[in-house]
Each structure stands twice: as C-alpha cells, then as structure tokens.
Amino acid sequence: MHIFKLLKTFLQVNIQMSLAYRADTVVNMLLNLMWLGWELLSLSIIFANTNTLGGWGPGELITLLGVFRMVNTLMSAFIWPNTEKFNASVRDGSFDYNLLMPVDSMFLVTFSRITVWRAWEMLLAIGLLVSGISISRDLISLPGFLGFLLLVISGMLIIYSLWIVLIALTFWFTKFDNNVTILQALMDAGRYPISVYPVWLRIIVTFIIPIGVATTIPVQALRGELAGPQVLLFAGVGVIGFWLASRVWRAGVKRYSGASS
Amino acid sequence: MLKIYQRLWQVNWAEYWQYRANMLMYLLYWLISPIVYLAVWTSIANAKGSVNGLTANDFIAYYMTLLVVDQLTSNIIIHIFAYKVQDGSLSSELIRPAHPMLTNTFMNNLASKALNLLVFIPVWGVLWLLYQPDFSAVTALNLLIAALAMLLGFLVSFLLSAAITSLAFWTTRVYSVHEFYFAISLLFSGQFVPLQLMPQFIQTAAQFLPFQLFLYFPIQIILGKLSTAQIAQGFLSGVIWLAVAWLLFRWVWREGVKRYSAVGA
Amino acid sequence: MSDDVIQVESLSKTYKVSEREAGFGAAMRSFFRRKFKDVEAVKRVSFNIQPGEIVGFLGPNGAGKTTTLKMLSGLLNPTEGRAHVLGFTPWELKPAYLRSMTLVMGQRNRLSWDIPAADSFLLNQAIYRIPDDEYKTTLKELDDLLELGPLLKKPVRNLSLGERMKCEIAAGLLHRPKVLFLDEPTIGLDITGQARIREFLREYNHRTGATILLTSHYMADVTALCERIIIIHHGQLKYDGGLANLSRRIAPFKLIGVLLAEPAAYSLAHYGTPVENEEDADKHYIQVPAGDVAGITARMLAELPIHDITIADPPIETVIERAFNE
C-alpha cells in the first residue's frame, strides 16, 4: 500500500532528524523516565493515605496512568510537533506546498513530524498497563478487556479529531496561533479518574476537551462498569468524531483556497 | 537607576499587553493542576472524613491559597531569557550599562505577573464562589507576614531560576536542566500535596531545601498553621537561601558572561 | 488551439477584505458587523501558452501575478472564469494534475531546515510515487545541471540562500513536471546565483520541453529566458507578445544617475524627469528619452559638479508602470 510506503519514508526522515540531535534524545528519554518516577511517587503518596481513590484501587490507577501515558505519547510524538510545523507553515505560507502535493493534506499534516524517540514513552506506558492490569486482574473479564482496547483506540481517535478541528480553525481565524493551548493545559486532568472531579470540571473533560473520555472511560470498561451498548456508543463517538473532523478540515482547506492571498 | 526600572516596566508591560489574549489561555496551565490535586485530595478526605487530620475544607483552603501564592512567587525566566543567549540577541543587552537579568528580565517578569493577575483575580473569584473556602483563620497580621515570606520566596526562586537559566551560556540543553529542577520543585514546594502528607524523608529534606519557601511556607503562614518559632525558623532558612542563591547566581552569571564573550555569539 | 498547455479564459479573482478601523470600539463593532470591501486582484485575464514556451509574467507589486499563479497551480479558486492546464482544471487538485506540474516560490521553503536536502528529496519521491530508477536518473540530471553535489548532504539551515534555492528548485522538479510555475525564483540571490538559475532553466526547458511560466523582478531574468512576456497591471492583462516588441514600445527611456558635490544647490528637473530611487539614496536619478542620452549627459557633465555618473535601463517595474499609466 502506498500509504505505508509513505509512512515508512516519513519515519526514516524523522529518524534522521532525531539522529542529528542524539544527545538531546538521550536527555529527553531520561527526563521521561524521571516524570514517570514522579507520577509513581505521587500515586504512592496518595495510596499511603487511602486505599481507594474515587472507588479505584492502586492497580486501576496505574492502568489509568498507563492509558494517560499512551494518550500523552500520541500527543508528544505526533500532535505537538506537527502543530508547531503546521502553525509555522501557515504563518510563512509554505503550507501552500502541502496542498499541492498529490497526497491527502490531513495525512501530511498528521505525519510530517514524528518524534521518534517517544516510542520509548510508549514502551513505558505499555509497561504501566501490563503491571496495572496484573495487579487488579481479579476485577477483569475478557469482554471488559476487549472493550478496554476498543475504547483506548477510540479515545485517541477522539482526541486526534479534536486536534484536527482546533488547528483547522486557523483557516478561519488566522491569528489563532495558540490553537492547542487549551488541549495542552487540560492534559493534566487525564491522570486521575474523572469521578473525583467537581461537576463543572467533569463536564469540561467529558464534552469539551474529552481527555477524560480518552483515559477514564476505557478503564471503566476494563472494570466492567460499562455495558456492551455503552462501549459501542463511545466507540461510535470516536468514528463519528473522526468523520466530522475530516469534514471540518476539508471545509477549512476550501476556505483557505478561497480567501488566501 | 529607578528611572531604568520605570522605563523597562513601561516597555515590558506594553509588550505583554499586546498578547493579553494569549495570557488568558496560558493561565489555564497554572490553574488546572492545582485544581486536579484539590479534587483528588478532597475526594479522599470526603471518603475518609479526614486525611492525616486534614479535612476536605482544609484542602480547599490550601489549594485556593496555593493558586494565589504560586502567581506571586513563580517566575518565567527560562522562557524569556534562555533563547536570547542562543540566538545572540543578548549581546545588545550586555553592552548596556544595566544588568540584563536584574533589570530587563526582572521587570519583564513583573509585567507578566501584573497582567496575569489582572486575568487571574476574576477567575479566582469564580473559584471562590464554587468552593467557598474557609478562610476564618486568616488574619491581617498573617497576611502581612506572608507578604514578606512571599517576597523572600519570589527573590529566592528568581535567583535560582536565573542561575539555572544562565547555564544557557554553556549548553543548549538548559531547558532539560530546568525541567529537572521544575520537577523537583513540584515535589518539595508543596505543589502536589501539603508537605505534612509526604513521607517523612521528603518532609525532612524539604526543610533543608529552598522550595518550600515558594509555596508551602507562605501558605501555612496565611492559613495560620505555624507557630511563631516555626515562622522564625522559616525566615531564617529563607534568608540563608537568599544569600546562597545570590552568590550562586553571581558566580554562574560571571563565569557565563566570560564564556559568552570568549566564544562569541 | 487544442494543443495549448495552458488555456486561461477571463479568469477573475475578487477578495473580500474585512475593513477595520483601529481602536477597541471599532474592534467591538466589527465583531458584530463586519464591513467588507471587494478587492479585484485579477480581472478577466485570458491567454494561452503552447508546450515548451518560457513565458515571463510581469507586473508591478500587487498587480495580481502571484494570485494568477496560485489559481493556475490550484491553490486558489477563481471567482469567475476558466483555466485548463494540461487538460485539468487546476483547483480541482486532482492528484494526476499535481503530479504533472510544480510551483516554486522563491520566498517559501518546502525543504525541512533540520535535515539534509537529500532526505527531503526521498520524502518527495514517496509523495510523488517516483519509481526508484526514474528518481535516480532525474536526480543525476538535476545534479549535473545545478551542481548540487555536496549540498545535498548538508542540513538545509547550513546552506547559503543561493545554495538553498538550487535545492528548492531541484525538490520541485524531481517528479519531472511538464509545467513549471515559478514565482520569483531568483529573488534575493546575488548576480552569479541569478545567472546560474537562469542558465539552468534554459537548459532544463531545452532538454525536457517543459513549459515555464515565471515571474521575476529582475529584467535580466526575463530578457535572458523569455521570448514572450505577459504583463498585468491592476489585475488586467496589458500586454501579451514578444519581448522585442515591448522594448520598442518602451525603450525611449534611460535612467541617468548622478552623484553631486552640492546636491541642494542644483535642480535636475530641467535635464529630465526626476525619479525616486530607494536603493541608492545618495544619487539623484532622472529619466530621459533614450535618443537624447548622449546630449543630456554631455550637458550635465559640463554644467554640474559631478562625482559619478551612471546610465542604465530603467528597472522593469518602472518601465511597465510608466508605459501603461500613460
């Protein structure tokens, strides 16, 4: 498939780039490890003072942290670097070249930058997931696990779609260059189950910036708190969100071709 | 000398005023994590009645105070200074007869703080209505002492950040160094949790480190949790750290500038 | 004619520009009720270009050159009119069309700063689905013509402007486009750099038979490359024809520049029409009919305390503007 060949080339080019900054890569990987330690320490402090947080035990919170880290990997490996590139290219006009390439512009804008070393963070995240799940395995059934996997993917799709919409807004509001700040700022709310948050914050992280949908809901499915139809509903939201986002993107590109000078 | 500060204030304020819409967005960064920790700890306190003697109301008062203190004592030196070393634009500031860090960068911080506060105060008011914190233990005297403590905390924090940011003279990876410093300060300043809930060894270490001056110490003064002896001890440690931070900054700065002019930029 | 590569028929583009006065009150008002002004960037422009032609597309700043190029490459939708390039309607952005043309803009970078151009080229190979053997021969050919050699291995940010432009052009030609739209391809380059690019374009056109439509600020680009030029001004087509023909129409002007000992004491107005020249503020310039240059120069040398004197063709922008404003 052509798409895979393209992805392979993108990956190669980005590996080249990170090789140009080898020492930074190592330092960043160490920092990543440090933050993981920080997060585990904070969990241990929480559980030194209580047995459950919002009804969840340590195993589930570690699993949640794993899901959060996966979403964070999506952000830091693709979304943040490509946002930076996209905003710069709209500012200096080189985005024009993107439109003139015989490849879908949304694909280009998603994959032209890949922070390759973040694969390391993905490994750490999977490590967290595995240990979290094995700590609380008594709670878990196979359907719960399958629902969990489905919702992790759909959650990332939802966040990705939101991102596409946010950056597409740049086509209408040209000076909107801190388009993703709101997404960045609310990321922190993904580390804990949204059931502990006050109602207004819960509404924000569920409906406006659905970081809670991407992190808490999959773990709820894992715990068997969601019925089958609910799981499918959330998975459906992911698909519909993605469809809507690509429509918005296309409308934005059309607007760009209609109005730019 | 005062004239310099006054002019620099005008320039920096005007510059930030241009970006006031962005500032509103960036304020979210400052708000979200304390609110998340607040939610986590009140939820635990509500479930158990209290955590180590702290009730949900105590946590609310703690984090609501933290939001204010954080606004006042923190700084953004790393974001406004490090790149000047890297792209060479510091050169023009170095040849002016005013210390780049202690005049321009200092006033830049104050201007950003002032504009931040302008946005922050109404937001904090809304949070106040939402959470109804219990501030009955706050007295005018506490606030006065806390103001001094915050000034001390701000100065120590400023000088330490300035020293770390000055590492930009040697390495482009100064941002990573700062990130490490930031993580440590999150832990020991009381940002994540009131220090008395930390494991004993962290509490002990925190007493000898400067970070609690940034948040925990002023917060506890405001909330009237400290005895006179504890306050005196805190100020003593603060003054010592101020001297250490000053000497450290002076030394790093001098060596850095020497290197900068030797290597050229 | 059906064998034309580019057919443009009464192409128009009107921008809606929101008007806003300064100040907070105005900002609030315009938030609720935007006032728009129509700006006609291109007005019913028509022309045809045959395969293998190199056409210079000229006009003063803001004349609508870039807008037209953007419509022809497909970046912009026109408000009215039709255009066919290689049988495609550009703004439908069909992949087959995008693979057979290129747009190179002198002031925009397509190459990534942090990596060597060679790596960006590989990316383009994948994007344009260029088969390996074809890619190799094309790259070899471009390398020969542009003398890319070691440049390809260096990170782009370490290249000089001229070196970068060579790489940019090569990147735009890897997929062997049949039609080239070049917007100011030599801008900012020194004289040798400009000449090198020019030579390359001529040779490339000669070898591949590609059709080239280019805009440039430099008269030398146009005289060296283009037998035919199209001029637009205020969005309207003003001239379409041979370069020689145009020179005859406009040639009567020359620019005389003088450096005077006491500039304030003399008026140059009775020798010719004084002209502003921002690039060289010390000198004073006048415009005179070409036939009178010798006489006027002699008179000036005799009557004025002149340190330095130059005689030159007026810059292309001025020529066009004057020619069509009269």
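Every chain is named by a letter (A, B and C) in the order it is written, and numbering of its residues begins at 1.
The rule is simple: contacts are C-beta pairs under 8 Å (C-beta built on N, C-alpha and C of every residue); 3 or more make two chains touch, one makes a residue touch a chain.
For clarity, every value in this text was computed on a predicted model and none was experimentally measured.
Trainee: Find the chain most remote from subunit A, comparing centres computed as mean CA coordinates.
Mentor: Using the mean of the C-alpha atoms as each chain's centre, the farthest one from subunit A is C.
Trainee: Can you name the chain whose C-alpha mean lies closest to the mean of all the C-alpha atoms?
Mentor: A
Trainee: Round to the nearest whole Å and give the separation of the Cα centres of subunit A and subunit B.
Mentor: 30
Trainee: Indicate the whole-number Å distance between the mean C-alpha point of subunit B and the mean C-alpha point of subunit C.
Mentor: Measuring from centre to centre gives 53 Å for this pair.
Trainee: In whole angstrom, what separates the CA-based centres of subunit A and subunit C?
Mentor: 43
Trainee: Which residues belonging to subunit A are in contact with no fewer than two other chains?
Mentor: Within subunit A, no residue contacts more than one other chain.
Trainee: Inside the complex, what are the residues of subunit A that reach subunit C?
Mentor: Of all residues in subunit A, those touching subunit C are 2, 5-6, 8-10, 12-13, 16-17, 20, 92-94, 96-97, 99-103, 108, 254, 257-261.
Trainee: Give the list of subunit A residues in touch with subunit B in this complex.
Mentor: Touch residues, subunit A against subunit B: 23-24, 27-28, 31, 34-35, 38, 41-42, 45-46, 48-50, 52-54, 178, 181-182, 184-186, 188-189, 191-192, 196-198, 200-201.
Trainee: Any idea which subunit C residues touch subunit A in the complex?
Mentor: 15-16, 41, 66-67, 70, 73-77, 91, 93, 95-96, 98-99, 102-103, 105, 107-110, 112, 114-116, 119-120, 122-123, 125-129, 155
Trainee: Okay, in this complex, where on subunit B does subunit A touch?
Mentor: Residues of subunit B touching subunit A: 22, 25-26, 28-29, 31-33, 35-36, 39-40, 43-44, 47-48, 51-52, 130, 173, 176, 179-180, 183, 186-187, 192-193, 197-199.
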